[in-house]
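These are the structures in question, set out in turn.
What follows is a pair of complexes built around chain A, which joins chain B in one and chain C in the other.
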Partner chain A sequence: MAKKARRPAAPVTPAAPAVELSEADHRTLGTLRSLADRVVEGAVASRPPHLDIPSRSLGNVRFNKAKRFIEMGSGKNRRELFNLAQAKAYMQTMLVASGCKALVEQGKSTSIRGMYYLLKHTIAGTKEETFDEQADCDPIIEDVEVALNTLREELHIYAQNKGSIVGNLVFRDSGDEIDCSRMGSGGYTIPSIVEPNVIQFLKCDAKFILHVEKDTVWRRFNEDKFWRKHNCILTHGGGQPPRGVRRLLNRMHHELKLPIYCLLDNDPWGYYIYSVIKQGSINLAYESRRMAIPGAKFVGLRSRDFERCELSPSVIIRLNDQDIKRAKQIAQYPWFVDKKPWQKEIELMLRNGFKLEVESLISKDISYVTETYVPERLAEQDFLD
Partner chain B sequence: MAIADRDSTETERPSTKRRATAESMATQQRSISVSEFFSKNRHLLGFDNPRKALLTTVKEAVDNSLDACEEAGIVPELWVRIDPAGKDRFRVAIQDNGPGIVKKQIPLIFGKLLYGSKFHRLRMSRGQQGIGISAAGMYGQLTTGKPVRIVSKTAAKKPAHYFEIQIDTKTNNPEILNGKGEGIDLPFGAAGEKMMADLAIEWESEIPPDFASAEGAVPAPLESGTRVTIELEGIHKRGKGSVDEYLEQTAIANPHVTIRYRDPDGNVMEYHRSTRKLPPEAREIKPHPYGVELGRLVTMLKDFPGGTLSQFLTDSFSRVSPPVARAICEQAKLSPRARTKRIGREEADTLYRAIQETKIQNPATDCISPIGEELLLKGLRQVVPGEFYAATTRPPSVYRGNPFQIEAALAFGGSPAVQKISFDLLSQLLDESDARTLKQFLVATFDGMGPDGAEKIMRESRLGTRQSVAKLTEPERKRLFDAMRNVNLADGQSMQVLRYANRVPLQFKLRDCAVTQTIMGMNWRPYGVSQSRGSLPGGPITVMVHVASVWVPFTSESKEAIAAYPEIEKELRLALQTVGRKLGVYLKKRQSIRQEGERRNVFLRYLGEVAQAVNKINGTDAKVVYDLLMKVAKKKTSEADVQLDERGKAIVEETEKEYGGGVLIVDQDVASVEKQLLERIARRGTVSEIETATDADE
Partner chain C sequence: MAKKARRPAAPVTPAAPAVELSEADHRTLGTLRSLADRVVEGAVASRPPHLDIPSRSLGNVRFNKAKRFIEMGSGKNRRELFNLAQAKAYMQTMLVASGCKALVEQGKSTSIRGMYYLLKHTIAGTKEETFDEQADCDPIIEDVEVALNTLREELHIYAQNKGSIVGNLVFRDSGDEIDCSRMGSGGYTIPSIVEPNVIQFLKCDAKFILHVEKDTVWRRFNEDKFWRKHNCILTHGGGQPPRGVRRLLNRMHHELKLPIYCLLDNDPWGYYIYSVIKQGSINLAYESRRMAIPGAKFVGLRSRDFERCELSPSVIIRLNDQDIKRAKQIAQYPWFVDKKPWQKEIELMLRNGFKLEVESLISKDISYVTETYVPERLAEQDFLD
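Our next item is the complex of A and B:
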C-alpha cells in the first residue's frame, strides 16, 4: 500500500503552487482538512474516531410543502472506525476524502469510475482490496458529499455526460462560447458540471424549455426545428436525467426565468422522472435546493391520449404487475397525494391497463408530436402540475 | 449298449448294501477334547490369521497380567516385547509385576484350556473364560512347535519358577518339558541370575522410576511377577488392529498402568501411567435370578449340596431374601421346604418361569468399578491430541440380571498439528525425515493425516505426489507450508470410535458392535457436528465408550463386539448424549470467542490505510497517526480482552454449571502442539518404518 499511496502524493507537492485554486476549492480543501484534523485530534485524545453522515434513505427525507421539494432530514448515521461492521466503510470514506483532496489540489477532475480506480489497491499485509468494485465506491463518494456538505463538482468529481441541449441560447462553457442554435443534428452534450464557474449564460431569446425523455423523441423535435418555430430550448436527459441536466434546467428556470414543460412517457417511470425533476430525488435530497424545479409542468403523454389522439390499439403496452405496484406507490407520494388531477391521471392509467410511450404518436404521423400534439397542448395550456 | 443300459438301471436301483453299520460307525465315535476343538476352530478365539494371532497373544497375556495385578492390589508395570524369530515368526514375551503364580498352578494355567479362576464367579474382570493364554500357547505350539516358557516369582526372597510347557491337545493336559517334568527353580540371588543367563531366560528385575518418583530416584527391584514367552507364527503390521494400537488404547482406558513396549524393529514405546490409584476392587457377586437360564438352573440345583428350595434360592442368588424365595415358590406352586435333590426337570421349568414372573430387586451394582470421569479425561488426553475433552460415567444399570455400567468420553481436536507447526519446525522435520516421498512424510509425521489429506495438500501446493523430500527447494517448502495451512483437513474426516469392554479395547467388528450402532443411530447434528444419516459423524472427534459388567455380552467368543441388548443400548445412548451435549456447549462458545478475535483483526487491518489517508489530507505524519490510532485500538481491544478474560474466567468458574462437570479444555498454543508432535514422533521411532506400515495398510 505504502508504495501505491506515495505515487500520487509525490508530484502533488511541487505541482500544487502551479494550480490556481478557486475560492470554492479553498473552501473544499478546508473542509477536507478539518475532516482529517478531527481524526488526529480524536486520536491524540485517545477517542475512537467516527464520522457523522447524514442519512440518505427514504426515512430521512421529507416534502417541504412551502418550498415544494424534497428536503433531507436531520437524521445521521454514525460511522466508527472501531466498529466491526463499519471499520471498512470508515477507511473507505477517508480514502475518498484523500482522493478528492489530491484532485482539488491538482486542479483536475475525474469521473466516479476514475475515483474508484484512483483509490483501488490492496491493503498492506492482506489480500483484501480497498474497493472490490465501483458499486462499493459510488455510495462512499455520496457519503463524503453529504458529510462535508459539499457538492460533487466541488470535490472535482463528475458523472458521465448524458443529455443534450439545443435552442436559442448562448452560453460560455469553460471559456468557450457555445451557441446552442448552431449545434447541427446532435445538439450540445450537457456536461456533468454546469455550475456558474463553468457555464455562464450570455444570451437567451427562448421563451420556454421543452424537456423530453429520450434521445429519439428529442431528435424528432430537433429535425423538425421545433425550437426555432416555437422559440424554445429543447433538452433531453436520456431517461432519468443526471445531475448536470437537472442542474442546468434548474439554472435556466431560475436565472433565465423560463418555464419548463416535460414531455414524458405515460407510465410510472415517466411519472417518476417528472417527480424527480420537479421535487428532487430521495438519494440526492440534499441537492434539491439546487436541482428541484417545483414549477415544472407535465405536458404528456396523458392517459386519455389513446382516445383523444385516436391511437391504434397496436401501440399500447400492457401494464405488468411491477408497473401497477409502482404506480400505486407514486400515487401515495406526499407531493402527489393531494393533487386531484394526478390521482385521476394515475387512476385512469390503471383502469386502462396499458401505458403509452411518446414514440407511439409516430403511428399517427411521423411529425404528429411536433406539429400537432405539443403545439395543441401548449395552445390549450393543458398541463398537469 | 445293452450292457450299458443294464448298468445304469442297476445303479439307479436303491443299493441294499449299507455303507456303514452302526457298529462300524461306533468305532469312529469318540469324545473331542476342548483343545482339539479349538485347534481346529482357532478363529473362534481370535487366531483367524497370522496378524491377528500376534495381537491376540499379546492381548491375552496383557489382560491376564492386568487382572492379576489389580486383584493383588499392585500398580501394574508391564513389559511387552516382540522379537523376530525367523520368517513370519515372532517371540512374544509379556512380563508383569503381579503377584506371581504358585508353582503347582503354573502348568495348569498355561497348559490347560478352560482352566481359570474367572469363569465360575461373577465379577468384573478382563478375562472371562480361562481360554485365552493357554489357547495362545497352543497356537504357538501348533505353528512353531515351541513350548510356552513361563517364569514366575511370588516374593522378593523366594526362588523363581521356570517352566517349559506344551499342551497335550488330546487330553487337554499340560506337559512340562524341562526339569524332568517338574520345572526348574531359580534360586534368589546371584546363583539364580547365573542360571537365568545360562538358560537364556529373559527377566526384568527392576522397575524404572515413574513420574511420581522423586528426582534422581533409582529403579526399584521387582519383587514378584510373571513372564510368559510364546513363539508363534505371525505377521507384524502397524495401523488398525495392530499390537501398537491395542497397547495405545489399553493405556487410554488404564491410566494406572505403565507399559513398555519394544516392537520387532527394536523401537521402544512407553506408555506411562498418569495415576498410581488403582481402580477400586471389583466385588464378586452371586448371579441374579433373572440372568439365569433354565439349563444353568438345573445344573445349579443338581450341584447344590442339599437343603430346601428356599435355602437354595437365598444362597445361590443375589437379591433373594427368604420372603422373595417364598414368593417364587408360591408362584411355582412348590413348597419352599422341598428338597432340592427331589426337584425334577418339570418342576425346574415351573421354577424358572416363576422366577421370571416374580418381582425381584435389581442386583447390587457396586460390583462394577468404572474408570471414572477424571481418569477417562486423563487417559484420553494422553493419547488423543485435542482441545476439548468430555467424559461421563452413567449410573450402573442391569440387563438380564447382570449389572453393567456405561462410560463415554469424547475428545475434540481443533486444527490438526499439521496446521499449527511453524515453518522452522517443518524445515527441521523435512531435513530429518528419511521418508522416500513427500506423501509418506506427511502421513507418517502428522497424526490424523490420512493419504487423502496428504493428497489434498500436495494438490494445493502443486507438488507432485512422488516428490522426494530431500530435493525440496526453499520456495517449494514455503509452498508446502502454505498449503498445509490452507487445506481443510477436517473435511471427510470421520469420528474415531474407541470401544472398551471391562477396560479391554475392542479392535475388530466395528460395525457389528452395539456401541457403533448406537453412535450411528443418534442424531449428532444438534451438537454442532456434521453427520450424514445413519453413519458416523464427521470431524476431528474421538469417542471412547467403556462397557463395564460382570458379564459383558459379546457377539462371539473372540470378544470383538458387544451385543445389542436394549438396556445396554439405552444406557449407551444416554452416555453419548451427555458428552455430545457438552461438546455442543463448547463448540458454541468457541464460535463466539473466535468472532471476538476476528473483530480485533478487522480494526488493525484498516488502521494503516486510515493513517495514510489522513497524512495525504492534512500532512500529519502517517506513522504518528498510525501509532496514535494503534494506541486507541489497543485501549479499545483491551476492553474487549477484559471481556474475553471475564469470559475465559467464566469458563473455568462455570465449567461445572455449564457442562455439568467431566470436561477438560486444553489451550492449543503453537509451542505445546509442536512439543506434542515431537514427543509422538520420538515415541514412534523413525518415519521410514511407519511409512512402510502405512503403505502396507493401504
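Our next item is the complex of A and C:
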C-alpha cells in the first residue's frame, strides 16, 4: 500500500510550484539560490559560512550629486555562522531568504507581518524562537533586500496599501485593464507591488502627474475633474507616500516621460515628503535607485503664498519648537544646502513663524486650489526644484 | 458705465449655482433653509432665537433591542442666541449650516478640515475667531447633522478615504461604471460619500460580503481570487472602517440583500470593530440608522482557534492590562451581555491569556485562511452573531 503523502512540516518548504513564473521571478529565484549556493560552496571547502551584507548605517549613505539621489556606499558587514554574536542573525537571514523563495515559487505575496508569522517558530530541541517579535524580522528583510540587490516587492513582500490614482492613463494590473479615467469618485487603489510583472502601461494621454499629499485634497481635484481639464494623472499617498506609490510615480516618470509636480503643505513635514519622493530616504537608501525621482518639482504651498494669495491671518498655524528644529535640519540636507531657492523658502517660513496647509486655500474659495493656485503655478512654471 | 461686479467677501456666499442638484440635495437644502426660516420667524415674532439640538451625551444613547442597534433618545439641548454662554455656539451652528448650504448649492464637497478653513475668520470689528481650532468645529458639524437629521455625507462633508473593494458587483460612481470584478491587485478605493446620488448599484451576482479588517489580509484574499471562487464581494476598512465603508456595507446588505461576514482579529479591538459595524458606535449613535448592520456575522478569529486550528504557541500574543480591561468592558455591552456565545468567546480569550491575529494563520500555510479557514466556517455556517 502506498504511503500517504505527508504535508511537509516546515512552512517554508512549499509543494512543487504549479505557477508560471515571470522573468523577474526567475531572476529573483536565481539570486536567492546563489545565496544558498555560496553557503554550500563554503561548507564543501570547509570554510566557515558567512554573508557579506551592505551596511545600512548612516556612515555608509551618501548623496550622489551626479545621479541626484541618496545611495549606499560600498561598506559591508560580515555575518558569520560560527560567531556566537552573529549566529542567530545569520540563521534569520537564511530563514527570510528561504521564506521569500517559497513565496516566489508559489506565485504568492505577503506583508512583513505575514513573513514574520510564516517564519516564526520555536527552534527544535530548544526554547529559542526564530524571531521574538516583528522588530527582529524587519531589519533582516532589509538585509536580504540589500544583500541580493533586490527590491522587497521582487521578493513578493508587500507594504502598506494607501494612495489612489485617477487620470488619463490605462494600464493592465494582474490581467485586468484599469482605465484611470473611469474611476468615479473613489479612484483606483495604488497597489503595493507595481513592478512590471504586475502592472504594464497600455496607454497614456496625460502630459504630467500632479501628486498631492492627502486624500482630502485629492478629492477636491478629482471632484473638479482637474485631471481631465489639464490632461494629467492625479495621485496621493495618504501623507508620506508608501513604497507602492513612490515606485509607481518613479515608473510613470521614467517610462512614460511625465514630469511630476508635488502639491504639499508648507511645513517641515511637507518638505520632508518632497525630499523622500525626490532624493530617496536615508533609512532605505538602497532603494533610491528605483524609487527616487530627482526630476520631481515642488509646486507649493510656498512660504510666500500667505502674501501672494492674500490669505487671512486666521488660517496660519504657528510653528512649534519641533517644527523649527526639523526645518533647520532639512535646510542642511546636502541636496537642499546648495539650493538658494530652497534656503530662501525655509528661511521665510522660519521668519514667518507659521506654516500653511494646502486646505487653507479653501478660505479663498472651495475650488481656488484647483482653478487658480495650481493652474497659475503651472502656467508660470513656478516651481521649487 | 456699469459697475464691475465684485466677488462677495464671505466665502460662504456662493455665486448663483449652475449645477444640477439631486433629489437628495434638494431635500438637504430644504432642511437647511427651514433651520434659517425658524430663526427669521422667531425674530419677526420678537422671540429670542434658539435652536433645539438633540443631546449627544451618553445619557441620551440607548440600545434599541427591537431594531438591534444603538440609537439616540429624545433629549434635547436648547441653544440660545441671547445667552452669553451659548451665543458663540449658536452662531457657529448657523455658520456651519450656511457653509453646508454653500457646498450643496455648488455641487461640491469637502473634508471637516476644509469646512473649518472655509468658515474660519476673524469676526469683523473684533479679535474673536469664528473657530480657534479644528476641535471647535467638529462637534458643531455633528450638531448640525443631528439637528437636521441628516448624515454628514448629505451635507457634502466627507471623512477619511480608506478601504477597498473587489468582487462580483458593478455600480455607477459619479457617472463611471465600476466593475469590481476587474480591479486588478489594487481594487477600487471606497469613497467617503456613497449615498445613492453618488453610487448606484447596477449588477450584483455575489452571494455574500466578506469584510476583513486589514488591507494586508484583503490582499491575500484578492491574490487567491477568493471572491471569484466563492462568488462574493471582498472589502476591508483599514482597521476600524471609516464612515464610507460602513455606509457602503449597510447599503449592500439592505439593498442587495447580501449577508455580511466579518473576519477580524481575536482581540478586544477586533471585537470592538465588529460591535461598531453591527450596532453602531456610542459616540455617533444618531447615524446608526443608516450605518449599523445588525445582521452582520463574526466569522473569526475565535479564541478556540488556537486549539481548533492547531496553531503553534509561537504565534500567540499575550494580553496586556489594557486588553483585559477592554475585553471586560465589551463583554458588558448591552448587545453582548445577553449573548452566551459572545460571553464564552470573551471568557475563553481571558482564560487563554492571549490574542491572535488573522495573519497568524499564515503559520499553517500562506493560503490557509483563504483555502481552509474561511471556507470551513462558511460551509458549517459557524459564526458568532
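By definition in this document, the second predicted complex is superposed on the first by the 353 of 385 C-alpha atoms of A that agree within 3 Å, B and C clash if a C-alpha of one lies under 4 Å from a C-alpha of the other, contacts with A are read in each partner's own complex, and residues count from 1 in each chain.
Here is the rule we use: a residue touches a chain if its C-beta (ideal position, glycine included) is under 8 Å from a C-beta of that chain, and two chains touch if they have at least 3 such contacts.
From a predicted model like this one, the values you see are computed outputs, not experimental measurements.
With both structures placed on the common chain, the touch criterion links A:K120 to chain C but leaves chain B unconnected. By the document's definition of touching, of the two partners only chain B reaches A:E128; chain C does not. Within the superposed three-chain model, A:S174 lies in touch with chain C and out of touch with chain B [touch as defined at top].
When the shared chain is aligned, chain B comes close enough to touch A:L81, but chain C does not. Contact with chain C, but none with chain B, is seen for A:S185 once the two complexes are overlaid on the shared chain.
More residues of chain A are touched by C (comparison of chain B with chain C). In the superposed model, A:L51 lies in contact with neither chain B nor chain C.
Contact with chain B, but none with chain C, is seen for A:L95 once the two complexes are overlaid on the shared chain. Residue contacts after overlaying the shared chain place A:Y158 against chain C, while chain B stays out of touching range. Residue overlap on chain A between the chain B contacts of one complex and the chain C contacts of the other covers 102, 130.
Every residue of chain C that touches chain A in the complex is listed here, in rising order: 11, 102-103, 106, 108-111, 113-114, 117-118, 120-122, 129-130, 158, 160-162, 164, 172-178, 182-193, 198-199, 215-216, 219-220, 223-224, 238, 312-315, 357, 359-367. Contacts from chain A toward chain B in the complex involve residues 1-2, 5, 9, 32-33, 35-37, 39-40, 42-44, 46-49, 81-82, 84, 87-88, 90-91, 94-95, 97-98, 101-102, 123-126, 128, 130. Only residues 598-599, 602-603, 605-610, 612-614, 616-618, 620, 625, 628-629, 631-633, 635-636 of chain B touch chain A when the two sit together in their complex.
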